[in-house]
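Next up, some structures in structure tokens.
The two complexes that follow have chain A in common; it is paired with chain B in the first and with chain C in the second.
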Partner chain A sequence: MTMELDAAAIDQWYVIESSEDLPKGKARRTRLLGRSVVATREADGTLAVEEKSAEGRSLRALPVQERYGYVWTTLGTPARALFEMPEFEENGRRLVICGVVTVRTSPARIVENFLDLSHFPFVHTNVLGAEPLTEVTPYKAELDETSGELWVTDCGFYQPQAMAASSGGAQVDYTYRVPQPFSSVLYKSSPGKEGAFDLVGLFAQPLEETLCDVHCFMLVYDETTSDEELIQFQQGIFLQDRIILENQRPSRLPLNPRAETPSPADTSSIQYRRWLRGQGLRFGVQ
Partner chain B sequence: MQLYDYILSGSCYKVRLFLNILGLDYEKIPVDFYPGRAHRKPDYLALNPLGQIPLLRDGDVLLRDAQAILVYLASEYDKGGTWYPNKPATRGRVAMWLAFAGGEIMAASAARLHDLLNYPGDIASLRAAAHAAFLVLDDHLAEQELRGQDWVAGPDPTVADIACFPYVALSNDGGIARDEYPAIERWLVRVMRLPGFVDMPGILVPWQGEGSLVEGAA
Partner chain C sequence: MTQHKLEWHAVSGGSDLPAGSARAVTLQGQDIAIWRGASGAVQAWRNQCPHRGMRLSFGQVRGERLSCRYHGWQFDETGHCAFMPAHRESTPPASIRVPSYGSMEAAGLIWVNLEGGEGSAFESGAAFGSHDLFCKSIYVASALEPLACRLRTALPNGEQLSHSLLRVAASQEEGPPDDLVIALQDMTDDRCGLHLVACSSGAEETDRQTRLAVARWARRLRT
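Showing the complex of A and B:
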């Protein structure tokens, strides 16, 4: 039985694989929104994605595009083109694909946690935060009417080790961009280039309503830190989040404003949930 | 001293934890275990033909296998001689539980790799095997408590405790709950209270963040 999917979930582009993990002649079978999909790169480099039945029969060819180091597909008909990240064109940046981690929770929980500043000192102790500097200073979370994206701006936080290349603690400026419900990009002060921002991107691929593969990349100005160090830094942070995420109940993100009692530090969460509700999202929420 | 290390590896963490307890300085050489699978590439296989992490280099000494590394570090650097005691019966027990740490408990590691990084494996049988191992450990630790002994191999912590700790403490990552193992839970907390203890991602230290949460509530 295949569940009915709401337009807000189905009409989105989703990452299903990193480009580097789909070399010529390789196929990857995965799940997307509870459906079986297979991505194949032929020997001549042609890329194709198919939806399969539970028995493995081909049902239909799906749209596919390759951008930002990833293979993207959709089960629906997205109203907008895939969001632009002009930073990928900037000279001097390095793209590091940080792998895929499976997490037993809904995609909305994963993105909500990514946007949350208040957990840094408690979950990422001595890396992204430290006691007693636990205060979340006021910040903004707003819908950009033109793009339809959610932006969280004016975030500042003291971080003992903001990035792998950081040599010590620093006050770090953060901006979060949520271009689509289950994708988010973080812009944070770059330790490698004064006044510039490094990107940390998170793309949740919902396998099922409460099971996700989470793809993560970094796009950084950093000429000193090795790929290995950058990847381990990012994976370490994400695994600290994973154990918290898997213990959050309910696993589906509650969108009813009366479900929880928020504090001012939860502004990003409140706005994210409101934004999802406004889109009529049903998948992985309640 | 150099440790070929991967942050998410419980086996590497055994060594990081013990190096910290002993207060030893070392250099971490990050191995891109995932997604790069660097441990299966020629450069690394030349150092360890088994393609496993961790690997420790200390001068002329090059060692693979977390348990072997713990034994070496204790023998070379623990001047008190308590972490790898030379009393024959105790040493025998330490060796027995080191083998358990590198053997039966590794089912919990395989379950974790399955759930975390999509490694192949029959998850139901891996979890069942881990539960069977945890039951043995829990029974043993409960008996130790009745003898007035807090640790796996005797009255003092040894390298056997360090070797057994990580994949038990990380079991939730692989969908293995520990509700049924009260003696294990008490022992985990004792390990976390050891001077020099450090955690790794995926291990919840019960009192971490406690201080300021209480302050914040006041």
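Showing the complex of A and C:
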């Protein structure tokens, strides 16, 4: 039986594969929002995505586009075009696709954790934070009325090793952009270029309500660190998060403000939940 | 037949929860964090941080407080939040509290009372008598009633003391090497724990031998 999907979840673009993992002549069968989908790249390079029935019958062709190193599709009719990331047009940064981590929780828990500052010293100990430097200074989380996106700004945190290329501890500035419910991009002080930002992106592909493939990329000013080292750094951090994410109860993100108890350091989480509530999202929340 | 339902339930051997550690146990479908402070006191809490839902059994025991693995919120032995690392100078509101269950340690085991258990008597005390040497916990795929029934039949010297307690006399045949009390833990509809308790001899080496012999004998209970 196919579950009824709400517009807020269905009318979104989702990553289902990285471009590099779908070479010519290959197909990838996966799940999206509890449905079966197959992405195929023909020998001539043509890309197609189909929704399949449980028995493997073709149901319909789905929209497809390839951007930012990923294959995107949708099961609905998104009101907006896929969000723009102008940084991909700028010179000097390097794109590294950091692989997929499967996480047994809802996509909203994953994005909320990505926006969380105060867990750094406890989950990413001696990498993204360290006791006793645990204070979270006030920052802003606001809805951008024009774009409809959530932005978290003015974040600062002391990090022992902010990025793979970091040579030591540093006070790091963070800005988070949440262009759509299950995608987020982090702009973070670059150790490779004074005054510039590196990007770390996270695209959650909900396979089911509480099971996701998380796709992650880096777009960095870094000529020295190898791809393997960057991937290892990013995956190492994400595996630490996974232990948390798979042990939060309930797995679906509670949107009722009284369900859990936030502190002022959780401004990003509070606003993220409010933003999701405002969109009428029901998939993977409660 | 209606049997008197015990309020206190065995959930772990006492020595399986060393000072300064935390672990998860399941009792009647409830996910429970048990932890032991540096002083030796045992607590049993709902296994969910009130902040962002992280299971507290992953937490770190710091003195007489349990610190959540996710954001380091510290809860004192009454379950009240005592420290939020993101706000080092501020006092957490008194309303932030982890729901707790009754907990106690007796007869070598840790016991939990889901109703709170303040001031309620430990009904099983008499059944244990001088049994206080925890030997081994084993876990089987079965509901509680059929398991108790099966054990009663399978163990010739078995005597059911209550719906979740059995006494088994030592014997040369199928019985255990020592007189045992077995406390059953109703975890879920298809899973139970068995906590095996013998009598302590008072001598460390003899007790060690008893534990080993009981553990070896207990393998048969799994099937």
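We adopt the following convention: the second predicted complex is superposed on the first by the 286 of 286 C-alpha atoms of A that agree within 3 Å, B and C clash if a C-alpha of one lies under 4 Å from a C-alpha of the other, contacts with A are read in each partner's own complex, and residues count from 1 in each chain.
The rule is simple: a contact is a pair of C-beta atoms (placed from the backbone, for glycine too) under 8 Å apart; a residue touches a chain by one contact, two chains touch by 3 or more.
None of the values given here were measured: they were computed from a predicted structure.
In the superposed pair of complexes, A:Gln248 makes contact with chain C only, with no contact to chain B.
In the superposed model, A:Gln240 makes contact with chain B only, not with chain C. Of the two partner chains, chain C is the only one that A:Pro262 touches; chain B does not reach it. Once the two complexes are overlaid on the shared chain, A:Glu131 sits against chain B and chain C alike.
Residue contacts after overlaying the shared chain place A:Glu142 against neither chain B nor chain C.
When the two structures are aligned on the shared chain, A:Phe122 is found in touch with chain B and with chain C.
By the touch criterion defined above, A:Glu42 lies against neither chain B nor chain C after alignment on the C-alpha atoms of chain A.
When the two structures are aligned on the shared chain, A:Glu66 is found in touch with neither chain B nor chain C.
Within the superposed three-chain model, A:Gly99 lies in touch with chain B and out of touch with chain C [touch as defined at top].
According to the touch criterion, the shared surface of chain A, contacted by chain B in one complex and chain C in the other, consists of residues 121-122, 131-132, 134, 243. Partner chain A is touched in their complex by these residues of chain C: 31, 47-48, 50-55, 58, 68-72, 84-88, 96.
Considering their complex, residues 116-119, 121-123, 131-132, 134-136, 243-244, 247-250, 254, 260-266, 269 of chain A touch chain C. For chain B in complex with chain A, the residues that touch the partner chain are 6-8, 30-32, 34-36, 38, 115-118, 172-173, 175, 200-202, 204, 208-209, 211-213, 215-216.
Those residues of chain A whose C-beta lies close enough to touch chain B in the complex are 18, 20-21, 97-102, 104, 121-122, 125, 131-132, 134, 213, 226-229, 231-233, 235-240, 242-243, 246.
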